[in-house]
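Quick one: structure below, then a few questions.
Read from first to last, the chains carry the letters A, B, C and D; within each, the first residue is number 1.
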């Protein structure tokens, strides 16, 4: 699981039977739920939701994608991983991995672009410095530069 | 579709492929989504959500059940139906039906108990009279007594 | 967690952020997914799915219900529990519990009636004796009579 | 709705209350369900599923992405649209649009790469000519070249 090593978010989640579709594999939409689980875990570690409640500035998912590498089926235990790969002034790019215990391989890779938004002003805004620093710290703890900031 | 006739809420919804599970039938949890769709359509007609925003008094689902009469599969067009069967002082009972166009039969029947709650006071409350009257009107338009009020 | 003690199925599952609805609580349909997770874990322990592949005889969920005792929100860790309470000739009744770590209480209780079906013959059938024995064993290991068979 | 005109698949679907998440907007994963609905409707028109049952050759979703243009909330009526933009020897690229009746604008755009797979041989295969022709016909009916085939 080399490539998972430098992801600040790594946790296990069992595949749920009901997430399989009529083709008897985990449905494609569920992988975006996995990504969301990683994203929310990351946000919690970086204090994103607390900051949003105080300041009215929070993240919006602007786009996301997934490459499906192998079908997943119940029962299996997955490792979900998330990291911030690059940061711009008002946005950052997250990378996600899904690793299957049963298949012993990465079964899906994804990305998401997260934009910062000022809900009071109803417009995009810069990533607040408290959040930016939290992200840099989380990434550097995993040996990442977390940025090559734009 | 005789039995649907006296349901104030009746609308059609196509079965979605991804709602089927690995047994190639619509998953049991989805029927509770269908019930929720009927419940929300009813709430809209009775002004429940608007009243909640003004008054802080709104509905809570206390319990629900479903009897599955026949398996449903994609493609199919369903008729979802909802009505209020009885009202007490602080709660009412909803009945739901799901009718399959393809099978030409009722495929699921359900019930839900909805309790009124005062979110300001953090306690149960009586059904507001505006809501009670709206429900009586909706039901009587379908020839229902909507009550045999407890 | 006294009442969980005599449930053969007990496992933990973290609440997923995306399972909350616009009322900021875990949506009612998700509790039936939790019940399904317990049911599938039970089926696995009792060899239900393997037996079905060999014999063409398997379980069908005939009805299910849930009583919601307290709203659940992210983040939280739930304990999901399942047991077979009574068995008839061609059906058994499962009981489900959902316990919240954060609230330190049972947040939902449910039941489901599972009927045995012979997919070859397209009709109901008796619970196969291998399955019946597996259930009795699982329940007796938790001190349950698992039956008072009808 | 100019841009929808040259999509062979166009159908309406009401937003479901329960598809909103705790941010009170339709959750990001649901847009991939919308895309799947368009894809399945396209597959039905092109005879993809029937051909798969006869031949054992069928489609696999290799990757997908979505750009979220505006948040969607209940109630709303969406138009879901899908088309095949390009075809290679063993794959084609689908484009998806989601148009909001309430906002009168496109709220999401997506893409998916669909690869043909021979389930008997357990390997990728060329798009069967019957399917290729059905796609060309569907696209040309909308004035599309459906290809600029690689």
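In the analysis below, a contact is a pair of C-beta atoms (placed from the backbone, for glycine too) under 8 Å apart; a residue touches a chain by one contact, two chains touch by 3 or more.
These numbers come from a predicted model, not from an experiment.
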item: Pair exhibiting more inter-chain C-beta contacts, B-D or A-D; value: A-D
item: From chain B, the most remote chain by mean C-alpha position; value: A
item: Between chain B and chain A, distance of the C-alpha-averaged centres to the nearest whole Å; value: 36
item: Centroid distance [mean C-alpha coordinates] between chain D and chain B, Å; value: 31
item: Centroid spacing, where centroids are CA-atom means, of chain A and chain D in whole angstrom; value: 25
item: Residue numbers of chain B (touch at least two other chains); value: 17-18, 27, 29, 33, 36, 74
item: Interface residues, chain C side, partner chain B - complex; value: 27-30, 32-33, 36, 60-68
item: Chain C-touching residues of chain D, taken from the complex the two chains share; value: 17-18, 20-22, 24, 27, 29, 74
item: For the chain D and chain B complex, residues of the former touching the latter; value: 13-14, 16-18, 33, 36-37, 40, 44, 74-75
